Each structure stands twice: as structure tokens, then as C-alpha cells.
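Both of the next two complexes hold chain A, though its partner changes from chain B to chain C.
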Partner chain A sequence: MRDNIVYGLGIAAAAVLAWNTYAIAGLPDEVNQGAVFKIIFFHVPMWAAAGVAVSVALIASALFLITRNFAFDAAAVASTEVGVCFLSAGLATGSIWGRQIWGIWWTWDARLTSALLCWILYAGYLMLRRAVEEPTQRATFAAIFNIFAFLDVPIVFFSIKWWRTQHPQPVFWGNGSFPKDWTQHFLYNMAAMVALGVVMTVLRFRQEEVQREIDAVRRTVHAF
Partner chain B sequence: MKSAERAPAPKGAAAFQILTIALKDLRSELRTKEAINASLAFALVILLMFSFAFDPEADTTREISGGLLWIVFAFAGTLILNRSFAREVPNDCLDGLIAAPVPGWVLFLGKALANFALVMAVELVALPIFGIFYNVRWAQQFGELLGVLALATWGMTVIGTIFSALTVNIRLREVMLPMLTYPILVPALIGAMRLTAVLVMGKPIGGDDGVWLRLLVGFDAIYTAASLVLVETVLVG
Partner chain C sequence: MYLLLAQITQDDLQREALRLQHDYQFLTYGLIAAWVILAVYVMTMIGRQKKLKREIESLRVMVDEKQASGSTR
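Presenting the complex of A and B:
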């Protein structure tokens, strides 16, 4: 039953993404940037999904430290891995856009730098997990590092305001210029991307739980 | 959590305990000089390497001097921070320290203070050498520079000390420590690099640069608080 819900949600999200991609392709090109502007429909939702994922990872890490329940550790590693996936995809789509509009793949602009830094921090989290062998210690250290990494994100993020920035300013709020009828496509993508993230996290979470069970059985067998 | 179970210490005892641990670390370091010698030698080697990376005579050297200096400091500091807890592993000294009737945060602050003193010492030796080799006049606003050094070094020591405790028993310790600490240190390092460059070029800190000073103070405050809260968990699990 729960399987069906997860797979159903995954299929629904993929279907919405596919249909929406078709719909977005039919929209007129943006005046200044042309077709490449439409990458925003994927780029921004990817970052939103990454944001959700690392926030979930933070909450799960804190809950692990409080409760010492290994399910929270599994949730933390699952959502961090999915978060790193979305961060990578966000960096990649951003880079493609930059090549078309700026003529360069990468620039050391504040927002790009902090995005890369987030990626490195969470990749570091995954590497730290590989380096610790004892499961309890691994979960504890990983949770602590996750909290430290998340604390760093706002500090880095606020540096945007202090550094000159080349990244385009948000077009959705304030004096935004995003057309109203485009917004619904954008929101569909947003929801689908987050739903896809949820599905991947749940699957990865289950894997992690099964892995722990297998390890426990293996230890019991070795004991005899 | 665990500290609450221990007998309550008399008031003012914490400061004494912190100082005892810091002095113990400094004493053992000054007797063996293993970390500080390695750190100084490493700083010298990096300073030498820089002379091949760019023209040491050029005027631009002064503009990028802040960045160069902090790269040297970060690399050299890691060597000291790596030893901080690794030194306690032989003869089960770490278990002894954890079992001692002091709370984890006292142990942490003592270690952090000793590391701070050692890293500052290395920085204060490397600074004039850098000034001589690259013709950078670092002494013209020494008071302000010392303040920036102290703020950024404290941030570096706090992060370095807590992660030194975290990585002490794991595989690839020497690699993991810089890999985990440098990305977290980036905001503090950016601020320190900017401010150091401004001061070395003989300009006052003012206007837009004030924000980097506030960033350093905020960074130190946030991570000192987070470390004090989490250190008990790092040490006893």
C-alpha cells in the first residue's frame, strides 16, 4: 500500500514534469534572452527542492542527536544525498544558462560561489560518513557536521548583499517581470520537482534502513 | 547531558580548569615543539612557493597580500589543529581527559585557547617574513591588523578544535580535517582576506568594509556557541 503511494507520487511527478516541459516549449521566447530563458522553469525549482532537502536533513540530524533513533540518521543521509543531486543539477543548469547569456560557464559571483560552497559542504558530509566506520559514531558525527554546515549557509547567503553580484535578481517578487500566465507552469514544475525529491528520498531512506538491518544480521551471524 | 551527572564544581573553578587545560597543552607543545615547528616550516615553504606563482615585485602583490597571507595561515594552522586531539590518542590520554571531572565545554575551551595561542604565534612569525620577502608594509596599522588576526584566528581555532575532536578517530584524519573545515571557514576567511588587504595597503577600515568586521564577530559568536553546545556529544557520543 505504502509502496503504491510512493511509486504513484513518483509517476505523477514525472508525468507533470513531462507534460509541463511540452507546455513550456510551446511558450513564446523571452524578448532579450530567447529560448534559453526557459531554463528558469527547471533551474529555480531544482534549487527549491535542494533547499527543502537540506532543511529536512538538518531537522533529521537534530532529531537524531536528541532521540538517538537511527531512522532519523537514515532520513538525514537520504535527504542530503537527494539534496546534493539537486544542487549538482542546479549548478549544471545555471552553468548552461551562463554559457549562453554571459558567454562563460562559470563566474566567481557571490551567489554562484555560495552555491558551489553548499555543494562542497554537503559532499563533505557524505565523505565524512564514508570515513567513520562505527555506525553510532558515524551517525553522531554526521549529524553534528550537518548542523555546522547548515549554519554556514545563511552566513554565506547574506554575503550576496555585501558583495557585488552578477547573478540575475529574482524576477518573481518585488519589481519582478515574470508574466502571470507563465507562473502556473513554473509552480507546476516546482511542485513536481519537490515531489520527485520526496520520492527519491523515501526510496533512499528505505535502502538505508534495509542496509542497517542487513548489517545487524551480519553482526549477529558473526557473533556465533 | 553527561556533565549534569557530575558533582557541581565551586564557582570560578571553570576558568581555572580551562586555564589548566590550556597551559597543559601549551607546555607539552613547547616541550616537544612538534606541531609548531612543522607549522612554521610549512608556512615558509608556502611563502616560497608563492614567489613562483606570481611576480613578487609587482604592485599587485600588495592587493592580493591579504588572500595570500590567509592561505598561508589556514594551511599552517591546520597542522597545529590536527595535532590538538591527535596528541591525546597515545596512552589513552583522551579517555583520561574525557573521564576527568570537568564538563566537555571546559575541555573544549581550554584546548581552543591553547590552539589559538599557537596559531597566533605562527601567524605573528610568518607575517614579518611575508612582509620582507614580498615588500609588503604590514606594520603601518598593526593594532587594527592584530585585531583582525585575532578575530579570524579565533573562528579558525573554534572550528578547527571541534573538528579535530571529531576527526581524531576516523580514517584519513589528516585529509578530512581541512576538507571539512575550509568550506565552513570560507565566510570568515573572505572577511579576513578583505580586511587584511585593506590594512596592508594603508587604508583605514571604513564604509563598506565594516560589514566584514561584523561578519567576523558574528561568525565567531555563532560557531563558538554551537561548538560549546555540541562538544559534549562529540566527545562522549
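Presenting the complex of A and C:
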């Protein structure tokens, strides 16, 4: 992707998020939960961005195993790292919301436990990459582990449907409802957060590619 | 309506004010946590970019040295 497009998308996403934060602050408080409910405008889009990132990582990992092209390995590590960043932010915002609404920071229900497990698995993926020296072996192990880690993602997504959880049911595909103008702000945040994730993934992907080229040149120089 | 309003005590008002204050406090904590995590990751990426530039520079020096030692042989 061209530099102008990447940076332009990043600036546009940041601008939409900044404007939307201001707009959301002006919305009336939710009847039952009050102002703290507004965390949902950031919490859910962050999880959506994380979901997109780990899905890209899954596809890239599978493509690496099929083609052995290291560009897919770079794409997998870039999107997983961005995914872990959004997962961390999603867990943190959810926990803060829970403290005010439930009176507890954490509970071991199916959604929260599977979400934490998801974070641990992807953080484990990043640690695994540091543990293996040889590039081909590292990329292969990491790709297999990434596919394994993704098994938890549908469990996180559907846990609130499959089990009775403390976590609320989804607003959009459950029995909840959202006023039209709130939905608009929510979708803006969703799009902006995913766009931000795309920009971060592209930039991180480039870094990974440059690092691989540096390592290759260094090996060649040492060989002579 | 007026009867209901008449039942509101000073304590009720204080409790409601405290709840509102806590709501905004936790909303602020949530937003700060989210942005701090994203900002830390962006800072990490900037740091990694600087490290890559340093590595390219050291590699350039290494290649120049190898070429110089190769041409003197």
C-alpha cells in the first residue's frame, strides 16, 4: 500500500475517533447504566478490530503453510501483534465497565474466561516467535500455533449465546436495542477502529519485511 | 408527583450525585486505559522503526568494510 494512502487512512481514522469521542460525550446518559455505558462505543469496536486482526493472522498463517512465502509469516505476526493490542484494550475497558456496573473487576464466566484465554494464546504466539531462532522453523511453528489459537475465537464470540454469562447479551444480534443516532456513532467508531488496525498492521508488516531483509543481508555479508 | 419529590432526602441527592461522579470517573478510566494501550503500542512501533534504521546503518558500514577489505586483497 502506498505511504500516502496508509498515513491518510491513519489520520482519517484518528480524526473520526477524536470527533466521535466528543460527539459521544454529548449524548444523553443511558437510563439504567448512566454515563459509564458509553464505554461500549469503544469496547465493542476494539474487540471487532481485534477479531479482524486475528482473522487476518489465521488466513496469513494458513497461506504461509501452503506457500512457504515469508511475506505471509510477516503478515501473520503483524496482525497478531495488533490484535493483542486491541485485545488488551478490550479487556481493560470491559473490566473497568464491569467494576462500575457489576461492582467487580473480573468474574470467571464463559465470555470473560475465553476472552482472557484468547489474549494468553496470542501473547503466547508472540513469545513462541522469540523462543525459536531458525526462521523457517519459527515461521512454521508460529503458523501452526496461530491456527490452533484461533479455535478460541468462535468460543469467545458465541459464548454469550451458548452459556448463561454475567457478560450482557449482544445489543445488535440479541434482544437489545440502540437509538438510531447512537448506532451511527457506534458504527463510525467501529469503522475507525478497524481502519486504525489496518494502518498499524500495514506499518508493522513493513517493519517485519525490512527486518527479514536486514537479517538476510547480514547472513550474506557474514558468509563472505 | 409533588408527593414523590417531597420524599427525596438530602442523602438521596448526595447518593445520586456520587453515582454520577463515579460513572464519569470510570468512563474516563476506560477511555484513558484504551488510549494509553494503543499509544504504548504505537510508541513501541516507533522505537522498532528507529532500531531498524540503526541496523540498516550498521549493515551499510559492515558492507563498506567488507568491500574495502575485498578490494585491497
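One rule holds in what follows: the second predicted complex is superposed on the first by the 212 of 224 C-alpha atoms of A that agree within 3 Å, B and C clash if a C-alpha of one lies under 4 Å from a C-alpha of the other, contacts with A are read in each partner's own complex, and residues count from 1 in each chain.
Definition applied: contacts are C-beta pairs under 8 Å (C-beta built on N, C-alpha and C of every residue); 3 or more make two chains touch, one makes a residue touch a chain.
Note that the structure is a prediction, hence the values are computed from the model and not measured.
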Assess the superposed three-chain arrangement around chain A: do chain B and chain C clash, or do they fit?
fit
Between chain B and chain C, whom does A:137 touch in the aligned arrangement: first, second, both, or neither?
first
In the overlaid three-chain picture, which partner chain does A:117 touch, first (chain B) or second (chain C), both, or neither?
first
When the two structures are overlaid on chain A, which partner does A:128 contact: first (chain B), second (chain C), both, or neither?
first
Kindly classify A:71 by the partners it touches after superposition: chain B alone (first), chain C alone (second), both, or neither?
neither
Can you report the vertex angle at chain A, computed from the C-alpha centres of the three chains with chain B and chain C as the arms, to the nearest 10 degrees?
120
Going by the contact rule set out at the top, does A:16 touch chain B (first), chain C (second), both, or neither?
neither
According to the stated criteria, A:59 is in contact with first (chain B), second (chain C), both, or neither; which is it?
neither
Of chain B and chain C, which one touches more of chain A's residues?
C
After the superposition on A, what does A:210 contact: first (chain B), second (chain C), both or neither?
second
Touch check for A:88: first (chain B), second (chain C), both, or neither?
second
Rounded to whole Å, what minimum CA distance do you find between chain B and chain C in the overlaid structures?
24
Taking the contacts chain A makes with chain B in one complex and with chain C in the other, which residues are shared?
none
Residue numbers of chain B touching chain A in their complex, please.
159, 162, 166-167, 169-172, 176, 179-180, 183-184, 186-187, 190, 208, 211-212, 215, 218-219, 222-223, 226, 230, 233-234, 237
Chain A residues touching chain B - in the complex, by the definition given at the top:
65, 117, 120-121, 124, 127-128, 131-133, 136-137, 140-141, 144-145, 147-149, 151-152, 155-156, 159, 162
Residues of chain C touching chain A in the complex
19-20, 22-24, 26-27, 29-31, 33-34, 37-38, 41-42, 45, 48-49, 52, 55-56, 59, 62-63, 66, 70
Residues of chain A defined as touching chain C within the complex:
21, 29, 33-36, 38-39, 42-43, 46, 81-82, 85, 88-89, 92-93, 96-97, 99-100, 196, 200, 203-204, 207, 210-211, 214, 217-218, 221, 224
